[in-house]
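Two complexes, one shared chain (chain A), two partners (chain B, chain C).
For the complex of A and B:
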């Protein structure tokens, strides 16, 4: 992905999501460790590195493009790698004693934001990509976005991803599987609405 | 509920339980001072106990990021923080000239911690049972140094389930 394409993706999806996350916090405040341009540039470098490693490990030709799930997964890993969104508190007790709650919140915020951005990337690929999709499905995604089927909570998936990252086991393959699963669940939910 | 909200709820719950634990400990501290005719004074206060609590919690999570942090583990960490010896001092100190020895001080400290945990976790103990449990806890934590945070948490869980 060229820096220009990455910047467009960032401007249209990531930047909005980051701003929304920062604006949403009340009790605990969120800020970026780096300024936004540096964060974007560094995320792009990490994204390219993830992408290269992935292509090498599966023996992909240089001319082959990554699929939407692979792009979203590489982006997710690049985004959460350094936990660049960080929480801070004016509460003296939290600041002085309880670094754990801030660390937990850092992970929660970074993973939740990364997931929302990655999902946004998937949606944008589906809505504006070359894939042939029926009009009803397009409208369904525009209206509802992508989501897991009933009984599966996004938060539970994120908790597992955070645990995997804590144990240095977070991998692009794991994320590709999750996004494939998300795509298939969205399709099932759509078909269920058609059946009534 | 978002993951961030979940974290904040967990934090508020922990804060509320700690408040309950300290509230009960404070009540016990005052009761003990009266019981021993003011021949003992308390060394620890809420800030010093909470500081120890968070140090222990942070150290533990550094070692194991996935360590449990349910009510029983919070209570166990509080118990350890409250009963920990710091520079030869316990939560209480005997006043000069009193006949209260270090063994008594250790026992009063553990008794206060156990009572606080029992109050906060709604564990009701008969006096006989309480004495037996106290002896076990003091031996294992203070003398044998064999009880871990997970072990103590399991112990509280069993006590709550058994009463």
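For the complex of A and C:
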């Protein structure tokens, strides 16, 4: 991904999600360990590395393009790798918490933000134009976004991803599978609305 | 004739002897498994944050 395309992605999706996450916290606050520009540059480097490794591992030809799931998955891994968003508090009671709990909070914040960014990437691809997608589905995504059907909790999916990262097993293949599942579920939800 | 499923095609390709899986078959397997890319080019994507509050 060229620096210009990455910058556009960062400014329109990642930066907004990071700001939204930081603004949403109250007693527990969130900040970045690195400044935003450094974080963006480092994430780009990590993204390119993930992308290259993936292409090499599955033997992609130079002319093959990554699909939206692979782009979103590579970005996700690049974003969460250093757990750059960290929690802190001015409240003494919270500061006295077991440091393990605060570290778990860091993971949760990073992964939740990354997942929202990934959803933004997937939705952006779908909404940017592809003659294979019907208009009704496109409008559904425009209004509702992508999401799992009822009964699937976001927390459970994020816990799985956090655990995988802690055990150094977070992989692009796992994320692609989850995004394929997400898209399939979104399609089912859309088709349910057509049935009334 | 019924259309073969992806797993049937893979089994046929790989065969029962893993030692017979050579570079040529590996390339065919990649062609079989690689995503059918109907995506728009990444430089044409209009980026915007996700919708919904899932």
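One rule holds for everything that comes next: the second predicted complex is superposed on the first by the 188 of 196 C-alpha atoms of A that agree within 3 Å, B and C clash if a C-alpha of one lies under 4 Å from a C-alpha of the other, contacts with A are read in each partner's own complex, and residues count from 1 in each chain.
The criterion applied here is as follows: contacts are C-beta pairs under 8 Å (C-beta built on N, C-alpha and C of every residue); 3 or more make two chains touch, one makes a residue touch a chain.
Computed from a prediction, not measured in an experiment: that's the story for all the values here.
*Asks:* With both complexes overlaid on chain A, does A:105 touch chain B (first), chain C (second), both or neither?
*Replies:* Touch status of A:105: first partner only.
*Asks:* Does the superposition put A:28 against chain B (first), chain C (second), both, or neither?
*Replies:* Once the two structures are laid over each other on A, A:28 reaches chain B alone.
*Asks:* Which partner does A:71 reach: the first (chain B), the second (chain C), both, or neither?
*Replies:* After superposing on A, A:71 lies in contact with chain C but is clear of chain B.
*Asks:* On the A-aligned overlay, A:158 touches which partner chain: chain B = first, chain C = second, or both, or neither?
*Replies:* first
*Asks:* In the superposed arrangement, does A:2 touch chain B (first), chain C (second), both or neither?
*Replies:* In the superposed model, A:2 contacts chain C only, not chain B.
*Asks:* Name the contact category of A:166: first (chain B only), second (chain C only), both, or neither.
*Replies:* A:166 sits against chain B, while chain C stays out of touch.
*Asks:* If you stack the two complexes on chain A, which partner ends up touching A:148: first (chain B), second (chain C), both, or neither?
*Replies:* Only chain C is touched by A:148; chain B is not.
*Asks:* Comparing chain C with chain B, which touches more residues belonging to chain A?
*Replies:* C
*Asks:* Given the complex with chain A, which residues does chain C contribute to the contact?
*Replies:* Chain C reaches chain A through residues 26-27, 30, 33-35, 37-52, 54.
*Asks:* Which residues of chain B touch chain A once you look at their complex with the stated criterion?
*Replies:* 1-4, 6-8, 10-11, 50-51, 53-55, 57-58, 61, 65-66
*Asks:* Report the residues of chain A in contact with chain C in the complex, numbered from low to high.
*Replies:* Its residues touching chain C are 1-2, 5, 8-9, 11-13, 16-17, 20, 58-60, 64-71, 116-117, 119-121, 123-125, 127-130, 132, 141-148, 154.
*Asks:* Which of the residues in chain A end up touching chain B in this complex?
*Replies:* Where chain A meets chain B, its residues are 25, 27-28, 93, 97-101, 103-105, 108-109, 111-112, 155, 158-159, 163, 166-167.
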